[in-house]
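Labels for the chains are A, B, C and D, by order of writing; each one numbers its residues from 1.
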Amino acid sequence: MTVKIDPTEFAGKRVLVSGGTKGAGRATVERFLAGGAQVVTAARGTPEPIDGVEFVQADLTTAEGGELVAKAALERLGGIDILAHVMGGSSAPGGGFVALTDDHWLAELNLNLLATVRLDRLLIPQMIERGEGAVVHVTSIQSVLPLPEATTAYAAAKAALKTYSKSISKELGPKGVRVNVVSPGWIMTEASVHLLERLQAANGGTIEDARQVVLDSLGGIPIGRPADPHEVADLIAYLASDRAAAIHGAEFVIDGGTVPTV
Amino acid sequence: MTVKIDPTEFAGKRVLVSGGTKGAGRATVERFLAGGAQVVTAARGTPEPIDGVEFVQADLTTAEGGELVAKAALERLGGIDILAHVMGGSSAPGGGFVALTDDHWLAELNLNLLATVRLDRLLIPQMIERGEGAVVHVTSIQSVLPLPEATTAYAAAKAALKTYSKSISKELGPKGVRVNVVSPGWIMTEASVHLLERLQAANGGTIEDARQVVLDSLGGIPIGRPADPHEVADLIAYLASDRAAAIHGAEFVIDGGTVPTV
Amino acid sequence: MTVKIDPTEFAGKRVLVSGGTKGAGRATVERFLAGGAQVVTAARGTPEPIDGVEFVQADLTTAEGGELVAKAALERLGGIDILAHVMGGSSAPGGGFVALTDDHWLAELNLNLLATVRLDRLLIPQMIERGEGAVVHVTSIQSVLPLPEATTAYAAAKAALKTYSKSISKELGPKGVRVNVVSPGWIMTEASVHLLERLQAANGGTIEDARQVVLDSLGGIPIGRPADPHEVADLIAYLASDRAAAIHGAEFVIDGGTVPTV
Amino acid sequence: MTVKIDPTEFAGKRVLVSGGTKGAGRATVERFLAGGAQVVTAARGTPEPIDGVEFVQADLTTAEGGELVAKAALERLGGIDILAHVMGGSSAPGGGFVALTDDHWLAELNLNLLATVRLDRLLIPQMIERGEGAVVHVTSIQSVLPLPEATTAYAAAKAALKTYSKSISKELGPKGVRVNVVSPGWIMTEASVHLLERLQAANGGTIEDARQVVLDSLGGIPIGRPADPHEVADLIAYLASDRAAAIHGAEFVIDGGTVPTV
């Protein structure tokens, strides 16, 4: 049993991926490309060109960056059929809730909630006009299983994104636009590889030892491993595809069983 | 964008589908067949033969029926790689909780919980031995959104099935067997068509009027329609496939947005 | 700040407590008595008499036992205003899901679901007639956080009880009968004391060491201790009281923070 | 059965109530006062003095206002034992998600999330020092059941507050500080009375007709009425009291059954 991608699955589809230059976002760009879509994404710098991908240089955590990307996306592709918000992450310091300043809170809210809210506000109206479109928001299992050491504000912002998604799904379902959420646990991105290397440097031992430290901090992962970025990307693509035409207002968790509750 | 099925996706896979003779179960049988799997299912009567499908005549709501089906499945296919429990439903009368006798409760528990528990107990051990397997349990949005008129016991049994699924996922993840849940809302099965015809006969008006009566009883469906059985089947197939190798212990709702809460 | 009980809080109220001879059930009997209620409970044996408590000798896990208790309760007290179902527990063996036979499943379902369903069916109708009544069902955090070693069927039965409670709350709210759920984590009952003693005998070390073993199996309890039976009883009394007149169809968790998800 | 308040229940306790000048906040001030506590609250204007209540003139939606209130509270009472965050609400316009500007989002996040985060950061450390304290955050059933017409950002902010509460509960439980959430549905405040009067003026008919319009928008309330502010206040007081010493990291819904899911 191998995973084959139909190269015409997304033929004619115009896809915007936020956070598309690394990790699960990059894998999502590749997944839609492999399925035959036209893809646009944003980057702060100037990445190497990829066939079929439009890059817009902008910072999506600002209102101006969002406007720039939305405008460029519509101009270059003539419209957006699929919005995949993979952007997100946490750069807050450790030390529990007292270490989180107002600036940390606003940074986490901008990156993990408001950047998505702004792009949706700019790009969903043209979906409503056509009576067709699919939106996927990537949250995190921390929206329900928050870790207090450093990621309280990140977890809270992702919880807001999840409830926001359900709210707009009630308005958008009757207008032909589907909205769903993908909620990943630990993903083995380049950033995760670097984290393991730093842990190994700090603690000694092997990379496998470092991996165990992270697994323990999560309370274990029943399948014994993090998700691959391409597995998360495939789930996003599934939800954005016509195969999922009856799936709306839902949250699909991909965490290898990490969340211990129903 | 059309939904194409890779005819080799499930090549070499041996699949047991419970409830496979009608509705979403029948569509699930067809979906795995189209993907190249060998399929076995159970029926109380003697259905027309289908190429690639083994039928076992048995009543899965009894312990004896479960044993008969498990034994025949293992003998005829030499093992089961994928277990798709689509069986379920409610035949309890209206009238609220006082109308549900002990016999109704036991019938609903047998059909919607214990039939699955028994087959799992008989068929998962050979998956554990091979260190490989995928199990999908079909519940219902009523597990979280119960309707009190006639389906309280059905909803309760499906809630039990959901928590049971999470519990065994904790044991089975480390053993290589994935367990996930598909939770559908209203599905437009043959039974639903007959329900609409009966409603039309009773109330007058058009089939569309009857459809509206059912939609109203659910509090509306944001996408405006029930799921097609083949859409539910495709989600089951997705979860059972290697594309979902990182998805475990999860519940995927397919209800067009019916459940109004996150 | 001390916890004072108003001795007239439940004056004139007739209360049935299931499972009232030990643990949190016994504490619930005492709590309602201290609040001035008349209390009836059931016991399989013949316990020492307590002033203000009616004992009925019966086994509530059987249909006959339920009928006997309901009939005696109505005859002796003339009606029941408050139903507190504290009954429950697990006696299934360890060994994961394969060790649970059909008989184990039926025993767990009878004790943790059907005993309550039957008493509700017999005693709620007289509440509906008066347009007044309060029902509290005790479930368990395992309904959402199941432990797979020995309590899968118990967890599933409690999940069914929770969804059943929400379903009947929809019917009963408009009829003046409130229905709520209390979901405890670890409670330091006599049975828990004996468990710790057995663990100490088996493992050596102190009682505190044995306590740590149990805490670890739960993933830790943020407040560092199990609940006292009287704390669970007080929450049941709160929900049954007129102070909670606007609380209906809710689930109140009392677990010191054990469940790690929102 | 009448609700009596023990006038010594909170004797010696110093309580800060945010949002304490109207609605459920005002009722919470009164509830703690009746229980013998010292109470401090903030108001933008200069309200009439109440015996036992310290008013601080400040706007808690700003960082400066939060600092002013925290400082004044500690100076005037010498410490805070109980933090009850009742503050919140929505002033966003109707028109669905496109009508919500960045300014609306920030206003809703400040009022419903960040005001609480800031006060917690300033006032919980002195609780940690004493190894004792109780915090109650008031969210809304919209955190799980969002309404898309005007309150999407409010609902999202309250969802963030809920996950934030669970996150800090994991850190604070071991330090002796309990954190819980009260999630109300419709409360019959002065603001609700005015809403009904405006609806009556707009639509004609009686106040009862206007009440039905609001009930319908919520999908109905099984108990047939909104909560009284004093009922919400009593639940907040219960969670802050020693009766709830084993309740931590929990969310108690008070909505008369409005949320239709478990």
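In this text, a contact is a pair of C-beta atoms (placed from the backbone, for glycine too) under 8 Å apart; a residue touches a chain by one contact, two chains touch by 3 or more.
Predicted model only: the values in this text are computed from it and were never measured.
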Could you tell me which chains are in contact with chain C and with chain D alike? A, B
Taking all residue numbers at the chain B/chain C interface, are over half used by both copies (same) or under half (different)? same
Return the chain whose centre of C-alpha atoms lies at maximal distance from the corresponding centre of chain D. B
With chain centres defined as C-alpha means, what is the inter-centre distance between chain B and chain D in Å? 42
Rounded Å distance between chain A and chain D, as computed from the means of their C-alpha atoms: 32
Multi-partner residues of chain D (each touching 2 or more other chains): 143-144, 146, 159, 162-163, 166, 170, 259-262
Per the touch rule above, chain B residues touching chain A in the complex are 1-4, 6, 8-13, 162-163, 165-166, 169-170, 172-174, 178, 221-228, 231-232, 234-235, 238, 241-257, 259-262
Chain C-touching residues of chain B, taken from the complex the two chains share: 63, 96-98, 100, 102, 105, 109, 113-114, 117-118, 120-121, 124-125, 142-144, 146-148, 151-153, 155-164, 166-168, 170-171
Which bits of chain D are touching chain B when the two form their complex? 143-146, 159, 219, 259-262
